[in-house]
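Structure incoming, see below.
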Amino acid sequence: MKIKVGIVDTMFSRVDMAAFAVDEIGKKFPGTRIARSTVPGIKDLAIGCLLLEKKERPDVFLALGMVGKADIDRMCAHEASLGIQMAKLLIGKHIVEVFVHELEGKDEADLYSIFEDRTRKHAVNAVLLASDPKQLSKFAGMGKRQGRPDAGPLVVRGKER
Amino acid sequence: MKIKVGIVDTMFSRVDMAAFAVDEIGKKFPGTRIARSTVPGIKDLAIGCLLLEKKERPDVFLALGMVGKADIDRMCAHEASLGIQMAKLLIGKHIVEVFVHELEGKDEADLYSIFEDRTRKHAVNAVLLASDPKQLSKFAGMGKRQGRPDAGPLVVRGKER
Amino acid sequence: MKIKVGIVDTMFSRVDMAAFAVDEIGKKFPGTRIARSTVPGIKDLAIGCLLLEKKERPDVFLALGMVGKADIDRMCAHEASLGIQMAKLLIGKHIVEVFVHELEGKDEADLYSIFEDRTRKHAVNAVLLASDPKQLSKFAGMGKRQGRPDAGPLVVRGKER
Amino acid sequence: MKIKVGIVDTMFSRVDMAAFAVDEIGKKFPGTRIARSTVPGIKDLAIGCLLLEKKERPDVFLALGMVGKADIDRMCAHEASLGIQMAKLLIGKHIVEVFVHELEGKDEADLYSIFEDRTRKHAVNAVLLASDPKQLSKFAGMGKRQGRPDAGPLVVRGKER
Amino acid sequence: MKIKVGIVDTMFSRVDMAAFAVDEIGKKFPGTRIARSTVPGIKDLAIGCLLLEKKERPDVFLALGMVGKADIDRMCAHEASLGIQMAKLLIGKHIVEVFVHELEGKDEADLYSIFEDRTRKHAVNAVLLASDPKQLSKFAGMGKRQGRPDAGPLVVRGKER
């Protein structure tokens, strides 16, 4: 049976992150069901997931948000993230947090590509966590990154794998 | 049936934020019921919402507060905000947190306008979250802001929506 | 019926904060019952309230403590405060946190007056929260302060209340 | 009936803190029962207390640990401490947290004396919290310290107690 | 009966930490059963442990992760760690958190050796916590370290053990 992915995104974000996730899931895992809701900002994501859980019972969640440039935005991200930690344990399912900081990009095009790359890769991660988690173990310790190219495994002379 | 909005505000705030919320909801969503209580400061908002929940069972909450100028006030805001994260998950409803930092404004008039704009916009968000959440999805990723003009979506050449 | 106020204070504090609270409540709300316990320091306040709740079932709590001068003391205050946020939600009652930072005062006399003013005002707040919460709504957004004179409402030309 | 004190200490600490606690309790409160367990580091103290609670049902706990010199150690202490705040509320008993920062001492002898003084004094506090909490109220607001001499009450002209 | 160790590791890490743990446990405690899962990054470890608990009921957990170089990575580690604190208390079992910061090493070889040493030692700690916790008490206050050589007990003239 096909799994269902719950996607919660925000109006605050300057990029339509959910569109990337929906597109990626549609291409890589056709037939996957999607339940979606939108909240104002990242601090609303944790409860957004809990409410989506009650209504739609997805198998896994994506919590998508952008963190603004101001100092206060970093604190908000921290609070949002702790709320999401609590929500995961309360719901008992993975919520893959996809946060992009507005300051991460060198310029707007770079920032946009981080949004797209990170969201698409984590959308795949979310589906695999719920449907075939053994797939992730193949990449354990491999320095996988989302938003940027993989860091790759640490290579130390005499410690080759 | 009309929804009920729970509004918890503070004596610490230097602006009557609840008045904006009540006015906005009355104009945009006439007939909406309002349940209100006031607490001393922002650290009392989370439990204030929980107690209002027990008495009035609103469909959604607005937690309205001002953050003072001192360093210690930022820490208080952080603690208050984490309390609100916990309260949301415990109650199982949205609590839209509307915090204005006293230092945000360029001057008092600017600060006042932030109070008004942020509170009015989030009052609308709160009502929609409880009554018609699909309305918010229209603005997903659109860079919506409260307190200031919208940032708008990120525009990158070749990535037009 | 008269309410019961639970007061938890600390041995760490350099001022007998509970004495101010007891005196103020006795003068302003004669007949109010008081349940009291003392813990070593501010990190013990949250569980102190929970244990007092089990034994005495007060209607509202005052958690009274002093924050020392060292950097580490600020971190302790933060941890204590988060514990109190959790305790409020667990008990389902207001715990009015009255913290005075040893560094707040210009000198010892000023510091002492902050202790007294903040504790007395919050003792009144605590009683009203449990007995007549509508009284607090009269002061919503009025810039009330404890420890110092009120900041008062923000006055902006053309926005008079 | 004699109370039982649960002591959880760490392998990370460079001083055998539990030995001070056991010695002090034995001298001051002979016949007190002690239940003890050791965990790797301070982040393991909260769950260590919960597991000791399940096995031994002590009346009160001592969580003993050293915080290292590095920046990262302070963050660990913060996380450990928040875990202990949660454990207290979950267990519903006092857990007296005795943390010594490796950087607190002027030299190793001074550091050692802080370890001993703080642990011994808090061991007494823990026993009293469980057996005779009224004893602590005698020292409310008296500026009691553990690890260093007492700060004592704030003395302000005209405000003598 | 042989215990079962739950190991949760990440794709983000640049070293295969689980391999060290599995190897060490196999050598030191042959016959120990291992249940394993992999998550994207450290913020997924807490819920990863909870899900492994539901499926496999291990006796103890190892949560293995690398913390990246950026400022934001430290915040992530903090959030991940608080999630793990909550998970420990919710599950009621030890989760030995093994985090290595990418910046800890002087160079890549040094970093690699920290990964290996810390993971191997904590793998032993985890097994002992679940199977024979009294073994750890022998090292209480002995300044044990993982990742680096032991700091050893504080030696102060006249305070020899």
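The letters A, B, C, D and E name the chains in turn, as written, and every chain counts its residues from 1.
Methods note: a contact is a pair of C-beta atoms (placed from the backbone, for glycine too) under 8 Å apart; a residue touches a chain by one contact, two chains touch by 3 or more.
Remember, it's a predicted structure, so these values are computed and weren't measured experimentally.
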Exercise. Going only between touching chains, how few steps reach chain E from chain B?
Worked result: 2
Problem set entry | Length of the line joining the C-alpha centres of chain B and chain D, rounded to whole Å | 41
Exercise. Can you give the whole-Å distance between the Cα centres of chain D and chain E?
Worked result: 25
Exercise. Which chain C residues sit where two or more other chains touch them?
Worked result: 78, 82, 86
For this session: Using the contact definition from the top, classify how the chains connect: line, ring, star, complete or other.
Result: ring
For this session: Please trace the ring of touching chains beginning with chain B, moving first to chain C, and write out the chain order.
Result: B, C, D, E, A
Exercise. Which residues, counting only chain E, touch chain A once they are in their complex?
Worked result: 9-19, 36-40, 43-44, 46-48, 50-51, 54, 72, 75-76, 78-80, 82-83, 86-87, 90, 108-109, 111-112, 115
Exercise. What residues of chain C sit close enough to touch chain B in their complex?
Worked result: 74, 77-78, 81-82, 84-86, 88-89, 92-97, 101, 122, 125, 129, 133, 136-137, 139-146, 151-157, 159, 161
